[in-house]
Amino acid sequence: MIFYLIAFGIVVTAILTIASRNSVVSALWLVACLFAQAILMVTLEAHLVAAMQVLLYAGAIMVLILFVIMLLNLTPKELKWKFIAGERLILGSGVIYLAGVMGLALWIIYKKGASFVPAAGGGTAGTVEAVGKLLLTKYALPFELVSVTLLVAIVGAILTGRGK
Amino acid sequence: MYSLVIDIIKVIVIASAVLTLIPVLIWWERKGAAYIQDRRGPNRANIFGIRLGGLIHNIADVFKLLFKEDIIPQQAHKLIYLIAPIIVMGVAVSTLAVIPFTAPVKLGDFVIKMQIADLNVGIIYILAIASLGVYGVILAGWSSNNVYSLFGGLRSSAQMISYEVAMGLALLSVIMSSGTVRLDEIAALQGINILEWNFIRQPLAFILFLTCLFAETNRNPFDLPEGESELVAGYHTEYSSMKFALFFMAEYAHIIVGSMILVSLFFGGWQIPFLSTEFMHDNMNALLKLALPVVSVSSIAAGVLLMRRTKKFGWGDARDFEPLVFGLPAVIFGFIIGIAAVFSIYLNEYAVSIITAAAQGAIFLVKTLFFCWLFIWVRWTLPRFRYDQLMKLGWQIMVPLALINIIITGIVISR
Amino acid sequence: METIFADRKEILEKALFLRDKEKFDFMMDLCGVDYLGCARERFEVVYHLFSSANNKRLRIKVKVPENNPEVQSVSSVWKAANWFERECFDLFGIKFSGHPDLKRILLFEEFVGHPLRKDYPIDKRQSIPTPVDLRKNNREGFWINFGPSHPATHGTFRLMLKLDGEKIEDAIPEIGYLHRCFEKEAEDHNYAQVIPYTDRLNYCSSLMNNVGYSMAVEKLMGIKIPERAKYIRVLISELSRIIDHLIAIGTNVVDMGGLTNYWYTFNVRELIYDWIEKICGARLTTNYTRIGGVMRDIPAETFKYIPWVLKKLDRAISDVTGLLVKNRIFLDRTRFIGAISAEDAASFGYTGPCLRAAGVAYDVRKAFPYYHYDEFDWDVPIGENGDTYDRIMVRFEEMRQSARIINQVLEKMPGGPIMTGDYRAALPPKASVYSTIEGLMNHFKLIMHGMTPPAGEVYSFTEGANGELGFYIVSDGGPKPYRIKVRPPCFAIYQAYPELIKGHMIADAVAVMGSLNVIAGELDR
Amino acid sequence: MEYIVLSVIIFCIGVAGILLRRNLIIILMSVELMLSASNISFVAFSKMHGNLDGQAVVLLLYVLAACEAAVGLAIIVGLFRLKGSVDIQLFRDLKK
Amino acid sequence: MILGLLQHISIQNLIWLICLLPLVSSCINWLLSASSSKLPSKAANSLASFVGISGPLLAFFSALIVFWVLTGIENSEAFAITGPLYQWIGFGGWSIDIGLRVDQLSLVMALVVTGVGTLIHIYSIGYMRGDDGYPRYFAELNLFLFFMLLLILADNLILMFVGWEGVGLCSYLLIGFWFSDIEKAKAGKKAFVVNRIGDFAFIIGIFLIWKMLAGQPIVGGSPLNFETLERNAAFLLPIATPVCIALFIGACGKSAQIPLYVWLPDAMAGPTPVSALIHAATMVTAGVYMIARLNFLYVLSPLALNIVAYTGAATALFAATIGLTQRDIKKVLAYSTISQLGYMFLAEGVGAFGAGIFHLVTHAFFKAALFLGAGSVIHALHGEQDLFNMGGLKKYLPGTFAVFFVAALAISGIWPLAGFYSKDEILWQVYERGYTGLWVIGFITAGMTAFYMFRATSLAFFGNLRIGEDKKHHIHESSISMLVPLVLLGVLSISGGWIKNSIGTFLEPRFASVTLEEVTHHENMEHILAVISVLWAAHWAFVAWIVYVQKPSWPEAMANKFRKIHSLLMNKYFVDEIYDAIVIKPLAWISETALWKGFDIPIIDNVGVNGSGRVVGFFGKLAAVLQTGLTPHYLFFMVIGISIVVGWLVF
Amino acid sequence: MGNNFLTTKLAEVVNWGRKNSLWPMPFATACCGIEFMGAVSSRFDISRFGAELVRFSPRQADLLLVMGTISYKEAPILKRIYEQMPSPKWVISMGACACSGGFYNNYSTLQGIDEIIPVDVYIPGCPPRPEQILQSIVKLQEKIVKENKL
């Protein structure tokens, strides 16, 4: 029950994110969406992930996005909800098509069964120690790769953002 | 069911305690500033002649702000304008959830953790919530549709993001040396020996964390987001009445909560130096025998001194009763305690537990207030940073230092 | 002072010659005079030049006809001329050809007419204006309005800042929010009545303005004042320099966020106020000097009280410097911020602490000693970089030097009268008023008619708290001054403000403004 | 199962955001939305299988999201400096 | 006291200390350098020199203690001590540790490096006094020492490579120390680039080893550990030759052997103590050390050994001939260094690793002495480096002269100085192992060595003072801080050779034996050869003295007579020009004319790119209708595509 | 709202709060501003009356202290600031110039700020002494207590 409540919140905020006229408001809905996702993760006993979701996503990435939005100081004209010129038809049909395909896919997955059954037994509580250990053993290589990616991204962002 | 009731009680008690601390701290700031600056500070407001040294002024402020016109600027984005102060205050208070106030209290079979929520992510929760604090400021700045506010918001977001990095890194070394992320464990691990507290074991992390705390609370010398002489009032320039009061109070709530975290992490939390929980538990009656006469005598002495002041100054108005109002109860209280001491009260186990916890809570409060005072002290001493200097300090000094500290910690603990 | 006349079409050439060949590096003052009906050419523009190399002064006069009041602009020669010419245009309607941005400066755009012309009635009011957008056509980029009611401006300046992030790319200042028409009011009152108006020029140190004005009128009339009056004037000048610097430093540091210093500086200021109150009854606006002397003798306890105050001052200085001098934040905030080079400072007509901070040791008290300043033992402190830090430190040091002078004044203070006996300025003693007809008549004339200096002109200057405080007085022999022009040091100093802050940050703009110690009363008059 | 459905829905909303909006920043946010949709399913799978691998992967994904946001925002700022707008319709240099 | 201390400091820690002490002082000096603008320069400089010296000095003492403790251990196999710190890289059962290894070989090297290094640091105080970058200099020098010690003490190839690259970096930094001079900066760049060629080969060698060992049932720990390598050398037999050659190319780069020697003479642009420490005594011997370290590999491949030997001999002769005519005192010493390094490789190539290392040690002493002496001279003459502008300095710089003279005698191989023992040992080993041709080359080179060294000595210290009047009165003996290391090195140059036997036995357990082709011992022959070579060297030294002091007109005449040879030698065989002509120019020509204009433009551009472009462009124009340039549209098509794929997968 | 006991009491309490928490917004233009600084300084210490939180944002201030001459150029700004303040708000006109134009009776100066905004307390003097400022605050407090608005 609580899942459906949260899921409803997530979907609504996600829709509002892409539907809001004002990009600041949009960003705020995204924050709300991410926050709701964090709550969902808490119900899944992924505490660390939930905390990190708030810390990194809501606390850092979204603040950065907000910062940039404010820095750019968009004019009201910019903020208007506009379609890509003259192509509503294509886009509309595309969305319908997409929705159809997705719905079909879902239906098939649904039909094949496999309802969500949490695995029995403990060991799924995402404590810092457990997840951390996993990160540094099994996922050591991805961990390192991600860190390199981060470094590259930082350098790239600085170089791109520095301008002339 | 019990646990839920206990949780609710904990929330109510702790939240109300902190909210009561806020006016005290504001009063302290006003008086502290006054004493630093060779003046009196607020002292005129009174209720039936009782002034409490100016503390009453804060009540007056609250009444005034509550009944002041609440302006929402026409150009503002109304929704965001309204929720921004709530976010700020909410974030400041919700950090309280993981702070351990005393050692776990044993009442028979019950063990009550003196912590609202015993999360297994501890410090990360604090960081996560603290990182949300910036929303209030940045949204307040943006939604006001005022250039100064916007500047305040931008400054604060840049500042908070930057200092969160250093803060997280500084905390990391504490986590490393403690081997846990739970605040209650970190507090308990530090033990009763002052020399084993984290501010001795991690001095660099302590200094870094303290500095970041100043930045996160937007206090001088990091008060650029509001920087009066530059940005009028910064991000809350357009706020009035109670919404402004929320910002105002949130600043102090931040200070209190920040100090509490600082104390938990670095100053042994609720640990009373050289008196372990077990020791107090076992010897509480003896300790009380020592303490009660002292309390009694000093209370009587204070009361007598207060009452004598009445004769010395005579203003001829309601103020004259003030020393009497305080002095007499003090004397009576002293006598009661004295009698209790004479008739050597004996406490049963429950009472011992509670009094132990109370003593630990009191020492926690004392430590917290000391750091609150540090905040005030620094505010009235240092000039403000400039934006680029602030950024430079954050990224070029604090972050490398924190990294070095982590490396050193790593080397030390890997031995 | 040497006076030469120049043609309005050749003044630029002449100015260039004077600057490059004769080394007149400072243009101290530029003002217009309206000789309505007195002379063939209605207007005259008067330039006061100063050569720091030769320690020489020069006055140039340019006659301007009424029908085509146009003079060549010298703003390309001396940067200071820019605003002085704008002011002259604003008040007299004299156009300066070649001026980069000739528009009103003290008054608002909608104002009709030019108030300092003799045919403009003093109380002819015009409607309340609407605030203007200073950006005009230049709306590109991110602009922010600063003032006039902004905490950092302490009074009434307005700035438009063009920002790139926090960095200031451009700044447009606007002044005139405290234009109280000192000069027009002065023309409307007799000589003695002008003294209270001078109080409100630089209201942080009114005593010095009194001294400067009285000295100018005495010079005009050729009155010698008694020795004791001279010493008293030195004493009050230096005391008011101290209180002025105390305010400047206190508020400057407040602007940088260091609040407590302000209370420390103000404590001493209050002590000095106490003494000022004893000599004249007022704290701020003193009206203490009289033409020919001072109003009243100093009380006897002065000789004990002032040294005690100076000790307190020393304590306050060490308190404040203790909080600042080794403070990294303060140093980073002030060093190399808002720096001005010695050449620029000269060209902008800087005087006083701001000039000395830039490394030029020009002080009127040393260069053109008056009132025995040459007999006292004191030094002129100078800075190196002309930045905010130097300005603050020079002010600190000047307070110490003033304290030195005051101690010597108190030692050497002679006895004797405090008012000149000259009948043209001083009221006769009561006894003679009641007993002799000359006395009675003289008293009556002075009270009813006021003193009448001979026709002529004088430019007298003293070292004010912010720099050279000059009074240019034109007398037509009547009881009211025909024209009084104040040479306000702030006017020249504030003019360079946009140059000082460009490339720095908003926070620096605030700190720099505080360090310049611009006093609106003097700036806008 | 429900978690997967939720994840797909969020993902589709993200795609729709990218397709329909012209504001580059909102497009970027839609991308973040899509990423976070995958996080949900990862965590759900983690719970389903009773191990923590999914959560570990999510943590790595956060870092990637941060990278993406940093670079994306830098590019947006650069584009804004270029054209003074973040309207994607202005950036049709692929055509020209 | 020390014993008490030692009980607390385990020997492993001490080994780390050797390495880390210079790093610590380097870090402090970097900080000083970074903040030197805020400190009074005098205080900063004295602090910098104190810190800069104490690092190497303490490291030296640590090394001594280690030496002292280790020599107390009887069992020579137990001699090797490794101090692993932690696992650095680990994957799939493989791991590379950060660990140090002290055995006889590395200990000898460490002693030499820290000892000579300390002396040169002390010397630098005087030499660099008043330089703007004083703390930076010490920081870089200390950093170099750290990397050098890392190279020496590393217990695996990867960490050694880290040190290898690190010293390269420091060399680059220090050659270009006065980077505001564009020529000097260029010299640094040249050294860096040339070294990269060698390093590339080196890393290929490492990869080869790795590739070979991967999947093999190796015994022991990490496969790139020297110990494991030694134990499992048999697995490497199939690729021993390519590996050894690749590694040797790396050594050639670092140790300035043909054909990668060109950077070393240019490297003299750095401060003279740097030349002494890095480009004479320590870093350039890294190649020699590396081959000695991996001797167990080299013995697997006689071909590679022969290449090493012949390259070494050729370099020795070649560089000596160039050295005969150089005018710049430091260039002479530089070519001499190359030549001596050739000797060392020669020794190693014939399998006499011990002799090579021994020569390395003695060479470190006398070459450092020579360089520091030259530095003293240059310092005294305010940067004058041309030999023909010196002369007669004996009178002015007696101390320097004495040391220089002794060191010149030592390098020439005059009995009983250090050079005699080591060089004689090499020549004897070469002779004994049947490489008579190489022996002849070595013998000739020895004569040349004596000649050019005494040519330099004579020109600098004997005869008349040819320097300009203006510089004359400035000539002064160096300060005490410069003189003391000089004298110490002089003493070492004299006495360094007397440890010949003990060092031989000390090092023996470290080296695999090479089967001798001719196992005959000629006791007498050794002595005879020794006497001959001493006489030979003395003869040429005397000739040099005669020619350059007594008959100053002869060199001119000789030069005129053999103009071509002279100019050939003078211009260093035009090697730089040849490189330019055969490598750079053709490369440029090929790139430009053949590849770009000949192939790129007509074929790739016109036919390939533009041609296909035109074809595609034609269709593209047809398709361009769909191309709006708007990202969302492209995304839309992408989404449709994905949907199709997903749909296909699902159904 | 009816005038019953409860609202009267509430009004009293609120007035008591307002009285003791007068946060000033200094609109200092000239000499009087210096004397206001004097009133803030240690000797006079305006903070004793709870008026120390000098707010430079009109939104947060209760008391507009107009200090110094107001010229015609400045007048619209003063008016704007007054309008930006949330009610209840009070104005103290400090000094002769602000009250009446003082001895500046000319083309440029406003003859008293009451021409554009309402004033609660006038302080005479040129400039008034800090004590007068304190007294004006006391007077204003007396006035506030008598007010009956929520």
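Letters are used for the chains, namely A, B, C, D, E and F, taken in the order the chains are written, and counting of residues starts over at 1 for each.
One rule holds for everything that comes next: a residue touches a chain if its C-beta (ideal position, glycine included) is under 8 Å from a C-beta of that chain, and two chains touch if they have at least 3 such contacts.
None of these values were measured; they are calculated from a predicted model.
Under the touch definition stated at the top, chain C and chain D share no contacting partner at all.
The minimum number of touch steps separating chain D from chain F is 3.
Taking the mean of each chain's C-alpha atoms, the chain whose centre lies closest to the overall C-alpha mean is B. Farthest chain from chain A, judged by C-alpha centroids: C. Of all chains, the one whose CA centroid is most distant from that of chain F is E.
A count of C-beta contacts for the chain pairs A-D and A-B puts A-D on top. Chain B and chain D have centres, each the mean of its CA atoms, that are 39 Å apart. Between the Cα centres of chain B and chain C there is a gap of 50 Å. Averaged C-alpha coordinates give centres for chain B and chain F that are 35 Å from one another. For this pair, chain A with chain E, the centres built from the Cα atoms lie 55 Å apart. Residues of chain F in contact with at least two other chains: 41-42, 56. Across the assembly, chain D contributes residues 15, 19-20, 22, 88-89 that each touch 2 or more other chains. The set of chain B residues that touch two or more partner chains comprises 37-39, 228, 232. Chain F contributes residues 27-31, 33-35, 37-38, 41-43, 56, 68-69, 71-78, 81, 103-109, 116, 126-127, 129 to its touches with chain C in the complex.
For chain B in complex with chain A, the residues that touch the partner chain are 77, 79-80, 119-121, 124-125, 127-132, 134-135, 138-139, 141-142, 150, 153-154, 157-158, 160-161, 164, 181. Contact residues on chain A toward chain D in their complex (touch as defined above): 3-4, 7, 10-11, 14-15, 17-18, 23, 26-27, 30, 33-34, 37, 40-41, 44-46, 48-49, 52-53, 56-57, 60-61, 64-65, 68-69, 71-72, 74, 78-79, 82-85, 91, 94-95, 98-99, 102, 105-106, 109-110, 114-121, 123-124, 126, 130-131, 134-135, 138-139, 142-143, 146-147, 149-150, 152-154, 156-161, 163. Across the complex, chain B meets chain F through its residues 30, 34, 37-45, 56-57, 59-71, 228, 232-233, 236-241, 244.
The residues of chain F lying in touch with chain B in their complex are 13-14, 16-21, 41-42, 45, 47-50, 52, 55-57, 59-60, 62, 86-88, 150.
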